[in-house]
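What follows is a short report on a single structure.
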Amino acid sequence: MTPVARPAKQWIPLAVLGMGLCAGIVATQIALDATRAGIPKLQRMSYLPDGTILKVAALGYREVVADVLWLQVIQAMGDKRVSTETGQWIYRALDVVTTLDPKFVRAYEAGAHALCSIVVMPQESNQLLEKGIRHNPHEWRLPFLLGINHFFEFGDNQKAAEAMAMAARIPGAPEIIARLAAKLLVSAKSPQQAVELLAKVYEETPDDNVKTLLEQRLREAIVERDLAMFEDAIGRYQAQYLQRPARLEQLVQAGLLRELPQEPFGGQYQYNADTGEVRSSEIKERMRMTFRKRGQ
Amino acid sequence: MNAITIERVTKVYEPLWPWHRASTVLSDVSLSVAKGEIFGFLGHNGAGKTTTMKILLGLLRPTSGKVDVLGAPAGDVATHSQLGYLPEAPYFYDYLTAEEFLEFYGKLAGMSRDAIQCRIPILLKQVGLQEAQDRQLRKFSKGMLQRIGLAQALIQDPALVVLDEPMSGLDPMGRKEVRDLIINLREQGKTVFFSTHILSDVEMICDRVGILAKGKMLALGTVEELVDGQLAESIEVVCDGVIGTQIEPVRRLALRTLQSGARCLMVLPGHECLDEILEALRRAGARLVSIIPHKGSLEELFVHKSHGEG
Amino acid sequence: MERLLAVAVNTFRETLRDKILYNLVLFAVLLIGSSVLLGTLTIGEQARIVNDLGLAAINVVAVIIAIFIGIGLVSKEIERRTIYTLLARPITRSQFVLGKYLGLALVILVNIGIMFAMFLATMMLSGHPVHASLFQAVELMMVEALLIMAFALLFSTFTSSVLSATLTLGIYVIGHLTSDLKTIAEKNASGVIKSLTTTLYYAFPNLETLNIKGQSAAGISVDLGFQVIATIYGLLYTGLLLVGACLIFQRRDF
């Protein structure tokens, strides 16, 4: 075959030039990396437009924009030291992410965690969760986390119990939530609600093992409810007669209780007239949540 | 010295995927065009004419073979300053006016601004587009595009002009004008290499002719060389008042007969049998209308050759 | 060089006559409309939002032109067979490619320039402060557009228009993500993924470097040294792509 008739060596200078350019690119890239490292990431994206405006600007790609921003948030969270300023930015970015994509459950969840762990911003964490609950009423994790926050960060048993109860009622929530909620309700002096909640969850659970566990807790809750009832009645008796009743039956006679409740485990309610304490013969330890508030 | 030398050029399109078949567009094509010659390149659509031209211009690289254009290997852009090309069914930048278009090509050819300004009116007049100077090409008809394409090919007064189907899309008047233009170019000492499938054009103006079919050169030479000895002459006789096929000598000797009412046309193979036929016709009482001798034409050669090949 | 310029001028003329500058009208409407509308809607952040919208719109328009005209630069000439008559002229293929590129580059730079002027006029008329950082952002946007266009041109020398557009868009997206991917991988990934993202980081253009919209809209200037190196980086990368385009184009059959 005869060689092809074309100036064949044209490519050589181009190839050499190309290699030179490659070297230049890598060199400048390294120089850029060095400069860039000095600029904190957040300064580069300090201004984040409002979520509602961004939602319009993102056209049909809200979820993608949300994802990209979410990646940025994760990186900010992952920094070795997270300042309060960064914390503020993280909250703002999370707010924007969840405005763009209100169904982004993971963002609420992880964000709520982060705002209570890597920085101390429980108020913002709760706001985020409440927003998440509004948009995702079927996700039990969000009210669950809200309950945790209320309990651990604010020590507010009542709100913690309400949130936990909300979580427990959502289909798909593990039964332990119901038991936890019941405990919280009892701690929050609402044993009747605990009983109702457990009874409802008990009804709805198909699993027999779970039913057994729930039954146990339900009985405990009934005990708590009854004990609370006794305490209340004894208190009123004392106010009326200026002394403690000698026996529990006196409460019925005084019209403070309609009848004496049955101990649900088949035991008896024992009354110590000296201390005014009522206890179940079957239960050693009462339902209580104990915790240590942050910084205590 | 030759303006174009093509030696044993083969072009094979390698398949993109291994399970496709490679297609051979040109196989072992050789030809040469002397300086100052008009060379007609004949062939059906798809015979490989355009491919050959693209190889000449360096737009395609041959798979094997050697191509020289104006003393340098094809594709050497230095020689392109002496070259003009009109592609088949040209389409040009339709947002340009005729003048801007020629100006652009003049600049590409390395002409000075003044030279371009001098050249444009001459060329427009030559191709009959004086009035369309300021019109955008998008408003040009097909024939006008063909003409402006020709003007473009001639912008820098090149020594070699390569024209792909220059007469297509033109009316008979336009065809004649292009023929005259090509003859005019020869008078100026230019070399013209053009392809066509319209044979009468070639017969009239070409110094030499090449016939290409299915990527192979079938014949190469002057029109006379090709026609002489390749085809016998024939004679066409037309007469009234007889049914040709009822006359015995006609039936025996005529290559073809065509009957239309009382009129009969017959094609005879040569002079030798003419007397016998005429005698028989006279006896049958026919009235003679015409006798036309036919020299072998390139068309018949072309048909003959490409049929033989097919 | 003269011939290269002739091709560039012709490309410039072609693009303008394709009515490409009509995008400017759209841009003006968007800019003025948004500043008027937002003036009534938001308190305090109006300047920022107009800044933001303006810069984003300039960027988007520039990238769209770079991609969608860039891919047609060479392929349109091939499809319409105008390239035959061009290459039959005493012009090398590299000159042709570079001329086409230069022509469109001119269009894009002029376009960005006009948009930026309109943007500045809006800012000044509505009494917002004009920061020097805006100029920095727009300068790097020009570099980015040149880079993207070189990609579009490179792809269009060997694939179809649709595929070129897709690939260029892909590069645009990846180019904005590589630095983040690298940072993520550095924090918590195995060695393989780490080296993969590092390779990606150096192989693909780091477009995030050329994107300083966010901070410049907030009025924060970047270091001048950074600006210069980033510009050089972008232009070197563009040069490499153009060399690639020339190399491919030289070996092509038409």
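A, B and C label the chains in the order they appear, each numbered from 1.
In the analysis below, a contact is a pair of C-beta atoms (placed from the backbone, for glycine too) under 8 Å apart; a residue touches a chain by one contact, two chains touch by 3 or more.
If you're wondering where the values come from, they're calculated on a predicted model, not measured in any experiment.
S.K.: Centre-to-centre on C-alpha atoms, which chain is most distant from chain C?
M.R.: B
S.K.: Identify the chain whose mean C-alpha position lies nearest to the mean of all protein C-alpha atoms shown.
M.R.: C
S.K.: Counting in whole Å, what is the centre-to-centre distance of chain B and chain C, each centre being its mean C-alpha position?
M.R.: It comes to 48 Å between the two C-alpha centres.
S.K.: Using mean C-alpha positions as chain centres, tell me how far chain A is from chain B in Å, no decimals.
M.R.: 86
S.K.: Return the distance between the CA-based centres of chain A and chain C, expressed in whole Å.
M.R.: 45
S.K.: Would you please write down the residue numbers of chain C that are in contact with two or more other chains?
M.R.: Within chain C, the residues that touch at least two other chains are 92.
S.K.: Two or more other chains touching the same residue: where does that happen in chain B?
M.R.: Residue numbers touching two or more other chains: 58, 61.
S.K.: State the interface residues of chain B toward chain C in the complex, per the touch definition above.
M.R.: Spelled out, the residues of chain B in touch with chain C are 54, 57-61, 77-81, 83-87, 89-93, 95-96, 100, 104-105, 107-110, 149, 152-153, 162.
S.K.: Can you list the residues on chain C that touch chain A in the complex?
M.R.: Per the stated touch rule, the residues are 45, 48-49, 52-53, 56, 92, 94, 177, 180, 183-184, 187-188, 202, 206, 209, 212, 214-215, 217-218, 220, 222-223, 225-226, 229-230, 232-233, 236-237, 239-240, 243-244, 246-247, 250-251.
S.K.: Given the complex with chain B, which residues does chain C contribute to the contact?
M.R.: For this pair, the touching residues of chain C are 2-3, 6-7, 10, 13-14, 17-18, 80-82, 84-92, 253-254.
S.K.: Sort out for me which residues of chain A touch chain C in the complex.
M.R.: 10-11, 14-15, 17-18, 21-22, 24-26, 28-29, 31-32, 35-36, 39, 43-47, 49-50, 53, 57, 68, 71-72, 74-75, 78
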